[in-house]
Amino acid sequence: MKVVRVVSCLVAAILIAACGSGGGSSAKVIKLGAILSITGAGGVYGPQSRDGMMLAVKQINAAGGVNGVQISLTVKDDASDKAQATQLTQTLIQQEQDLALLGPTLSNSALGAHPLAETLKTPILAVSTTGIHIVPDCNFPASSTACKYVFRDSLGEETAIPDNIQSYAADQHPKTGVLLVAQDDKFSSDGGAIVQTTVGKYGITLLKTIKFNKAEADLAPYVTQAVQLHPDVIFITSLGGIPAKIMTEARKQNWKGQFLGGNGFNTATVSTQAGAAGTGARSGSAWYLGNNFPSNADFVAAYKAEYNKNPDQFAAQGYTAIKILADSVSRANLTFSDLAGDRDKLRTAMESVNIQTPLGPFQFTASHDVKQTVWVIAMDGNGGFTLVHEIPAS
Amino acid sequence: MDFVIQLFTDPIGFWNSHTLFIAQVGINSIIALSMFIVLYSGQLSLAAPGFMAIGAYTSVLMDQYWHTPLALNIAAAVLLAAAVGLVVGLPVLRLRGVFLAIATIGFIEALRLGVILNLPITGEGLGLKNGNSDPLGGINLVLVSLVVVLFLVWRLTKGRLGAAWAAIRQDELAALSQGINVARYKMIAFVLSALVAGFGGALEAHLQTFVDPSDQQYGVTRAVQILTFAVLGGSGHFLGPVVGALVVTSLPWVFEQARDYINIVTGVFLIAVIVFRPQGIVGRGGLAIVRPRWWPRRARVNASTPG
Amino acid sequence: MLLRLDSVQRHFGGVHAVDGVSLEVEQGSIYGLIGPNGAGKTTLVNVITGYVPFQSGGAWLESDELTGLPAHRIAALGISRTFQNIRLFKDLTAQENVLVGMHARRHDDTLAQLATLPMFRRDERTRIEEAHRLMDTVGLTAKAIGRRPAGTLPYGDQRRLEIARALALKPRLLILDEPAAGMNPSEKQGMRELIENLNKDGLTILLIDHDMRLVMGVCTRVAVLNFGRKIADSTPKDVSTDAGVIKAYLGTGGEREVSSAPGASGVDEAVEVVEAAATTKVAAEPENAILEVRNLSVSYGAVSAVRGASLSVARGEVVALIGANGAGKSTILNTLSALIRPDSGTATFDGLDLTVAKPSAIVRHGLVQVPEGREILARQTVLENLELATWARHDRAAAAKDIEAAMKRFPILGERRALSAGTLSGGEQQMLAIARGLLAKPRLLLLDEPSLGLAPQMVDEVFAAIEEIHKDGTTILLVEQNALRALAIADRAYVIETGQILLSGSGEDLLHNPAVRRAYLGG
Amino acid sequence: MGQQLLNAIFIGSIYALFAVGYTLVFGILDILNLAHSAVFMLGAAVTYSLVVNHGQSFLVACAVGIAVTAAMGLVIEHVCLRPLRRRRAPPIAALISTIGLALIIVAAIEQGRPDTIFKSLWVDGANSVSFPAGVVPNPTWYVAGLTLEASKVAIIPISIFLMLVLGYVLRYTQVGRGLRAVAENPRAAQLMGLDVDRMISLTLIISSALGGLAGILFGVALGDISPYIGRDNVEVRGLAVIVLGGMGSIPGAVIGGYLLGMVEVLALVVLGSSARGGVAFAALFLMLALRPQGLFGAKLRERI
């Protein structure tokens, strides 16, 4: 009896599989795969990236695809887990046979996934990771040589934070600062390291670096410690709700100075959560909602029409990522038969991308990093941002 | 679903495109086995992630600073983990049930937040770059190791040692009356489990391009996950943890469609198994570890009441 | 001299569990240790085997001093024991249990295990063969039960298996703690033969048991404990005629009833039972029964404790339920209180089906149990205990009055109302337990071993209280070891033997039935 | 330093309030209810979305939030504990089943987005949010250079009041006696006519309601509500607190809570920020190693 059941299952499975595979392979299509954190802590960013990508794919396909070839994008959720992100990278490359990959959402996942894509010679485009060691070396084992297949369209903290600090220093000439950094996640620690190395250049003395853990129940004691040093600036490098919590607490404790930060500031949710306390908090952003040059205005309009809510930086970067790949594909004259070859062609094409995007005019640097304008923005106190400076790509 | 289908229709293709997944199952199984050793001797210890961390950092650091061969690194990692196990075990092994569990939680988090995140040598929050990792090639090493560990654990549970452990798990008092030095055998189990965990940790690090001091990796989250493997699979039989690791690790792949809700699926699954098969998927009576004093009376001598 | 104890002391709080006991066990002898419940027998064993630390005094096994050694060392020195309530490794197979027993004399084989050398395999085989031999020695068929989890074996077999496990240690001294408890006569006979055979092979045995017949029959020397003191240490013959022993053993009033300790004569018990059954006419069951129990069967896992017992209690009666330890008396009461659910049979109390009702509902319906060992709430004050007892009642005001009344009836409780109940003496705790039972306004009061481990004068007080309660019109079902006292106040009584009602009759009849007396008094 | 002391007291009160529910269940059932942290989070989340997404007044929202968590207590009993009790499973089983439930609750909130079935519970997914200004009246006073924030100051009397009430109920009322009876000896309790299952349900209702309230206060005072506040921020600390105070002891949990608050702040001020992280856990470990019964717990019962 049991045997019968097992056998029948097998047969069924084989049949289904047969049909499945029969359908897929023949048609000519641009297969892209995205590894994003839809669930788990990264769920704050993943969904937006996904929506941005989906919108781009929809527009392109509606317009007849890339040189008449449709794009098919599969989005996989890595549950904000490094191990799963890496495993998904492998299956997307080796089983789904995707042409190129996007993501993953979180920095520590990227450090697992990118080297793998590199070894498997598949282009992978980071859409939200801003830490150190994403590009060019992608922390690749046993080689200091740049990774050839890893790109990133998300503005790195290594650019954003210094630009932000520089512009503020130019405006206000602050003397002293305190750094609050979450020590138990890659992204935040990276940001902290960057702040520490930068401030000196602009004559700011770092009075103290205060490390805390994301899992801290109450940040008030840290804020108190910072405030009691009466710094001109408090630098915050952390994710999720934490920057907002710190700003609120600091303002309550009657501190009047300036907040400077990084990517962790750049979402509407953070601005909303911080509310009035956040007013004026500055960060270097890859994108600004209010930019009204066509490539952004159209994007914002389309996004609103699609999801009837405002896009955020991650949506914009996701959207841009698809545009970049589409443009590269259009110039790469792929064979659609020799996958390895196509992946290489695509990679070469990507290096010479130069298009208008919601982020502004977009190019890759020699080291596959973003080459774009940095928009220094400040929270407006009610969930939005205002543009303070526009620092063109150097 | 494709996952399962491919497993049947195209095993080779499956293997080739899922080496990382399979390796992860292997690693998880090894760690689960380390948890199994303590559970088998009647101790509810969640210290495994701590020892994994020790193993991982030791082997990677040795490689980084002295460029020693992998085998040596792993050996050192294992020994250090065992040594720490001894030190940690001494004060807390007299604790029973959840008390031991909580104490070990204290240990792993103190290690992670207090030490690892604060020593420059461990790269603090940035994690530790692992120069000679081999994500794709590691699988064979992992599977071989799994077989070896599995064999060792199996044999250990068979011999005098295993018999003593089983006796202690069932009834410490009666075990004493058979001349079993309960304290010593508990310690042996604890140290062995630390050793295996350290090994697993070092192995896992070898598959990863960088060592990540996150909670999912070496924190409570991981500890709970490992406990789930062991208990779900069944902590009375040495195959239980492996089955548990396999099942839990596969869930997100098998329920591809429900990925967004995978934790709900897992939760339901956990409750269902524990309610309808408390001894776990494999084996019998695996959970006989502690009973609350108010549970309806079973044979329980209170050595201190006269008569 | 194999074992020598020198004025061993052990107190628990105020209780002198073992109070300066000295004794010497001859090599190759069977040494009996008897005494009423609470005499300190088990505590003495726990001290010898290192489970309970010495307070003063010392113990030697031949030249080895045991004083202060941990239990596992003592076991390794060659003292193995069984436990009063069986402590087998329930989830391990019978065979595995015996193999564990060999631990102490088995050199570590971990490495051999890893290598699984053939020579090691041979050891393993020989060990298993030995295990089987041991099981055969104690009368278990290894083939049949070797692979079954110990917990699933029938009661008798579990006792024997525990002995086999103890033998696996190759002990110099074997301590058996009530090996025959709850066995039926034929099983007891078997146990007796087993003990004698083991002794024939030169094994020294320290035997603790309630069953006088067994002890008197097999032992070469017998010591009697009472309230932690050794009151006699001599040959069975002398002990059985020692007035002090008789008094201690049968409770006050004992000397009036019997001239020699029960079971002094070695007549076969099984025969007497039949005799007893024959000579006692089963009293007609009352028709206006408030409690009706028919063919009740209860089991704990594989161990069946009650087998088709039937009994009934009429309004206003005092009914006694007597029988040996583990005969199933308490199991019946707990089934009536729905702490255990029966496998089959019916039990109705004044129209309420006890086999399905919730325990709380049963109490509310007026069936209240005063459990064995009192189970008072030691961490709460006397007053809190009493107040809790009125939980099931809704007449708060009346309840409050009753509490006051109870504290008048048992003045000691009134005095101690503010103290935590744990500080009360055994007798006072029993009073509290009874008072608690009464406060629930019972129409039927189940009393389980009210005199257990109490000093004679305390026993008198308790029984006085019980009679008083009865006079106030409360129906009582009384389970008691002190059969004489129980029968003396009972209108009717049932004699239960290994879960079966053996015979019943009026208290008088049973009291004066010689067979019953010889078979059950003091059991 | 003064401010730091205040910080310690504020967070201590929240720890205490959270831990009281935790320890109550352990004291009476000998079971570690690992779903308690999820309930804590649920209380905050439900209250928030009632206010922000369903336009309820804060007080109404609180009431409903607490009601929901209390109900969740019943769910815990009926789904995670009672079935196991019926099967005589050991407490570690309850550990696992409550972990399972916690997973479910957190995942449900985490998946609460405008386009999912959980949207009525929560719409902000994994995001961290805070009550919009003005929803909760929260004036802030500055006294002698100290910041006194109404929402935080309020926590102290609320927690202390609740714990006094709980203490009173347990000590001087019939129900309290009943609960203690179940804790000490369920058999005896049953024989006295107590419905043990009922009492246990009651225990979980009380415990969960307290947990939920603690969650709400946390959300208001710290301006941080996300699916993870229970799991990440208070769960393990809650363990530390009940161990410090002595498993099962209510006053122990209260004092333990304040103690942990102090210890953490002291560690920050004295040892510096980086060392602080591990302190709570080191304390936890040492406490169990040196004095397992905690500061106020009764001597540990040897389970033999």
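Which chain is which? They are A, B, C and D, in the order written, and residues in each are numbered from 1.
The definition used in the following text is that a residue touches a chain if its C-beta (ideal position, glycine included) is under 8 Å from a C-beta of that chain, and two chains touch if they have at least 3 such contacts.
As the structure is a prediction and not an experimental result, all values here were calculated from the model.
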Least hop count linking chain A to chain C through chains in contact: 2
Cα-centroid distance, chain C relative to chain D, in whole angstrom: 45
Where chain A and chain B are represented by their mean Cα positions, the distance between them in whole Å: 34
Chain B and chain D: spacing of chain centres that average the CA atoms, whole Å: 29
Per-residue overlap in chain B, given as positions that touch at least 2 other chains: 113, 117-118, 173, 215, 260, 262-263, 288, 296, 300-301, 303
Chain C: positions in contact with at least two other chains: 339
Touching two or more other chains - residue numbers and ranges from chain D: 107, 110-111, 184-185, 187, 232, 274, 277
Pairs of chains found to touch, sorted by chain label: A-B, A-D, B-C, B-D, C-D
Chain A - residues contacting chain D, complex: 39-44, 47, 183-184, 210-222, 224-225, 228, 240-242, 244-245, 248-249, 252-254, 269, 272-273, 275-276
Complex contact set, residues of chain D against chain B: 29-32, 79-80, 83-85, 87-93, 95-97, 99-104, 106-108, 110-111, 116, 182-187, 232, 235-236, 239-240, 243, 247, 274-275, 277-286, 288-290, 292, 300-304
Residue ranges of chain C in contact with chain B within the complex: 12, 15, 17-18, 37-43, 46, 49-52, 70-73, 75-76, 80-81, 83-92, 96, 99-101, 103-104, 106, 108-110, 112-114, 116, 149, 165-166, 168-169, 228, 339, 453
Touching residues on chain B, where the partner in the complex is chain A: 2, 4-6, 8-10, 13, 16-21, 24, 113, 117-118, 124-127, 129-136, 208-210, 212-217, 252, 259-260, 262-263
In the complex with chain D, residue positions of chain C that touch it: 337, 339, 358-360, 363-364, 368-371, 375-380, 384, 387-389, 391-392, 436, 440
